[in-house]
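For reference, the structure I am asking about is given below.
A, B, C, D, E and F are the chain letters, set down in written order, and residue numbers restart from 1 in every chain.
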Amino acid sequence: MLADLIAGAGANLIAPAVLFFALGAFAGWLKSDLNVPDQVAKTLALYLMLCIGFKGGVEAAAAGLSAQMLSAGGLGLAMSFAAPFLAFSVLRWISKLDRATAAATAAHYGSVSVVTFAAASEYLRAIGVEFGGYMIAVLALMETPAILAALVIVGGRAQSGDLGVKPHLWREVLLNGAALMLVGSFIIGVLTGERGMTRLEVFVGPLFQGALCLFLLEMGLVVSRRMAAAPRLNLGLVGFALIWPVLGALTALACARFLGLSLGDATLMAVLAASASYIAAPAAMRMALPQADAGIYVSLSLGVTFPFNLLVGIPLYYALARIVWG
Amino acid sequence: MLVVRRKLEIFVEPHARERIEAMLGASGFKGWSVFEGFEGSGAHGVWRQSGVDEKGLNLLIAIGDEQAAEAALTWLGDYFKIYPGIVSASDVEVMRAERF
Amino acid sequence: MLADLIAGAGANLIAPAVLFFALGAFAGWLKSDLNVPDQVAKTLALYLMLCIGFKGGVEAAAAGLSAQMLSAGGLGLAMSFAAPFLAFSVLRWISKLDRATAAATAAHYGSVSVVTFAAASEYLRAIGVEFGGYMIAVLALMETPAILAALVIVGGRAQSGDLGVKPHLWREVLLNGAALMLVGSFIIGVLTGERGMTRLEVFVGPLFQGALCLFLLEMGLVVSRRMAAAPRLNLGLVGFALIWPVLGALTALACARFLGLSLGDATLMAVLAASASYIAAPAAMRMALPQADAGIYVSLSLGVTFPFNLLVGIPLYYALARIVWG
Amino acid sequence: MLVVRRKLEIFVEPHARERIEAMLGASGFKGWSVFEGFEGSGAHGVWRQSGVDEKGLNLLIAIGDEQAAEAALTWLGDYFKIYPGIVSASDVEVMRAERF
Amino acid sequence: MLVVRRKLEIFVEPHARERIEAMLGASGFKGWSVFEGFEGSGAHGVWRQSGVDEKGLNLLIAIGDEQAAEAALTWLGDYFKIYPGIVSASDVEVMRAERF
Amino acid sequence: MLADLIAGAGANLIAPAVLFFALGAFAGWLKSDLNVPDQVAKTLALYLMLCIGFKGGVEAAAAGLSAQMLSAGGLGLAMSFAAPFLAFSVLRWISKLDRATAAATAAHYGSVSVVTFAAASEYLRAIGVEFGGYMIAVLALMETPAILAALVIVGGRAQSGDLGVKPHLWREVLLNGAALMLVGSFIIGVLTGERGMTRLEVFVGPLFQGALCLFLLEMGLVVSRRMAAAPRLNLGLVGFALIWPVLGALTALACARFLGLSLGDATLMAVLAASASYIAAPAAMRMALPQADAGIYVSLSLGVTFPFNLLVGIPLYYALARIVWG
């Protein structure tokens, strides 16, 4: 078992995508001028959404509706909305974060990271573990509730007052480009099914791996640049960013077991619970809670939790799932 | 042939762009142009446009008459109380006074 | 027959590329911040030219010179130059457009849309209808004459006077990047033939579909943004933008039949006649006829005719061609 | 050590860039820099750089002496009678007077 | 409510960006923004950003007080003796004096 | 033999990538607005590094350490460091270049061009000649020493004095993005080996050709734009830019023969010796030797030597190698 775990972790660490992340982080640490231009990085992100959404949609269409799917969706929604309340309390308790920053951080941990999900699904594919295409729909469902939860927590305290931010905020939360791309591609996958897949096979298949490498290279660069500039991360916060994901993953596994999800679905569920948003949530928080300290919440989610999940978390959650699934 | 008008240069986060454009129109500006920043530094720390995270900066340049500038500066005074960014104002000379 | 037509239209509507166009249009309508960065969109356009040109060149080289090819080329040239005169008269008659705007709009409808052509050739490929690679040369031939015709129509009336615009205009018209890329790639295709194709097969083949999806996504966004800002489109103009293409397609089919073109070639000929330029023509008109209202001509060609052809026109023209070809 | 010179900021459609650069040289400017806009609004409506259609805006910044600025403004006065865009002029201080 | 400050616009080759940002901080500027140029011309010839060769230009805009500007201009005076580029200075009005 | 040479040259000239270079040069000469946006061109360059490095790493891992590898590396290092001293003397002798410009130019010719290397390896692949993956490591080794040599030549004479350029310069020289990407991808290739290759096969394989076409198109545009603006290239300098590469290639072949390298490795060694840097060296020289005239050194390396090697040099060096290898 332990040997398996170590082997799994090792295999993960020498996956090209993970190594490109390390290369990026290393280059950033050395202050090299290596970088993926911003418009290309944005397009890669969009492309990853397209692939993940489309493949999920095609598979979901092939599998049809199922009870598992509904269970997974319900569980995802519930966890995404509930987690911020718990995370907020924990953060206030272990750190001296002000309410706004604590709420904003909590929103990040309730929401999810699409790239972490992508890396996890590649990991499962590489080791031959199956999972449902509808997990992409679950992913999409989990992006927003956590953001709403944070707004509930802060309540009337948001300062953004009467500068006309409200309608823009709702649009940002519900219609941000990445989310729309994911959901739209999922629906297109469902509509075109296998016929669409034959046309896009190469585009969403073998290319995806390479694009993920390039994107993770840039993420590595961003992470190390950000950590070099990050100011006030104390031990409590870093601890939170490392332990919360593991506890989240365990909770997700327990619930998934209870609901009868498959091993693959449960692993992805755990990954979603463990992952923290670094696109949708920060964008919404900058608008809605400008008094919160972005230096904290982005550093934690992008700088600590993301690498942890990518390097250690994914194989760990899978190993834990295998223990639970026997 | 040249007349004096006010030029505002507004540095804000991208999420505010649309709102500020609407405000400029409401303040009486008849035109503006937006540029994207590459990197920078300020009271809220350093940033660099990356395409991975949400960071970035837009520079809105708007030339208009005294009243429009006045109105915009008042709005921006409130805005910058809670959001990052700065604005600078200066006099410039333009042709075709009726256009501003 | 009618059932066939409806089935064809249905199949077209659930082609991934068409659905991504719809996704873009929908996102734009909701004012989502979804967008394909401009440098990437420009590259996608260039890449589409490369693929279309190169594949056409390889096929044309394999087929050699033929009478059909010359007929098609001559027909294309003639239609592109003649159409603007007719369109100009019609536009002046049905609407209150000033001469310059009417001439500029007429130029758009005489010229052609490469993306519409690309979508049509994908449609034909998907349903297994063959067409000649030289149709790409016809496409290239049809871009410019219409622009010249518009300048003839306006005659000395162009205002751009002595600001040194002339040489720049000629360069823009004859040597614009997109046209050069298309023609250059066609020639490279002819020169390298099958040997070149074996090297670029994956690059110009399976990738093309995916790139088309991304590009059409952005086109959908641009179309709905533009229509939201479009001011004065009256019923007459919208009617023109919907009916002119169909009449143009019918004329093209009749001539093609007369000249003995094949079913596939004739369908593409109809698509070319029906399509309206949204890159080359607007760029030239902004330079040469600055007094013309770009809000009109781009809204009509990009906002009305392009979606119409993409969603309805292509399968319709094919169905009509099948009726004529028996 | 600082001397006063004229700065022009010229906002024009991309198709005019080359012509205007040639004009700047002919007017006596010894240098200029061009930037690409992202979006904007004016008398000819709103625009946004998209890569799909031909829209866009270039900002040319040119610093030079009084005569050069005068000559350029005269040319631009004619230009803006028929093409979209604006120009603003202002005084700036520069080092190395002989360079401008 | 508006106070006068100095605005520097520094045009330099990309390789100098980092050094100049460090210098701005050391000179007392509390913020700056960087933009990327598209093409241009000067005493060292014409350039255009291409992604293939190393050419390019960065525009750094920094607003600060008189002393900061003075210090930066002195440094830049030396810099421009050997490297390409220019700097222009002008007065602008800003809000929140304590921020500059 | 001669017939072979001519056939080889002809085959090279109708390779798609070479033709796209010609198309770019032609379009630039006509002052067309055709161009690959800068961020995309930068990404293509990065992507080429990724592919070259990764493929080389995978092959090197499969082959293991060998004496040939060490010989090739040593030879490369030595040539890259020694060449600038010789080139400097020759340049001072044949032209009136000042010391700084001559040293900077010499650095370019001692260093190497990755794209020339890429074109050469595609050429060898197309005609079925094998070469070692470790040649990529040799390529990487040869980038920097020439730059250091130029700094040694100029010695205390560099003006950049006390503006704090030193640490930035070292970082630029040793950690420039392109070099790091190449070396990093090579190491990733070594670490992931065949397993990594199965995942990235399509991404680094069939796509590479297409990306090379697009990148060379842009290079053609840049070359003709630059040559149009280039001022003072006299016959002596152009002669240097054409003859030095051939002599360099011959020297490399002689040494390679002496060291017992294979035909493929020797050809690439010759290409490396013949090629001149147009990214790493100019960037370093702009920083370190600002008093040198970039108009000279970039025009020579990018404007004269690069096209010469691409069009004529590569098949020529291979033909020469075949003569030597019998």
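Note that contacts are C-beta pairs under 8 Å (C-beta built on N, C-alpha and C of every residue); 3 or more make two chains touch, one makes a residue touch a chain.
In this text the structure is predicted, and so the values were computed from the model without any measurement.
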Chain C and chain B - chains in contact with each: A, D
Most distant chain from chain E, judged by the mean position of its C-alpha atoms: C
Chain centre separation in whole Å, for chain F relative to chain B (CA means): 45
Chain centre separation in whole Å, for chain D relative to chain C (CA means): 34
Whole-Å separation of chain centres (CA-atom averages), chain A against chain F: 41
Residues of chain D whose C-beta touches two or more other chains: 35-36, 90
For chain F, residues contacting two or more additional chains: 35-40, 42-43, 172, 202, 207
Interchain contacts, given as pairs of chains that touch: A-B, A-C, A-F, B-D, B-E, C-D, C-F, D-E, E-F
List of chain F residues in touch with chain A within their complex: 37-40, 42-43, 46-47, 50, 54, 171-172, 175-178, 180-181, 184-185, 188, 191-192, 195-196, 199-204, 207
Complex interface listing, chain A residues touching chain F: 14-16, 19-20, 23, 26-27, 30-40, 126, 202, 205-207, 209-211, 213-214
Chain B to chain A touching residues, read off their complex: 13, 15, 18-19, 22-23, 44-46, 48-54, 75, 78-79, 82-84
Contacting residues of chain F [partner chain E, same complex]: 35-45, 159-161, 163-165, 168, 172, 215, 218-219, 221-222, 225-226, 229, 231, 278-279, 282-283, 286-287, 290-291, 294-295, 298, 302
In the complex, chain E residues that touch chain D: 9, 11, 35-43, 57, 59, 73, 76-77, 80, 86-90
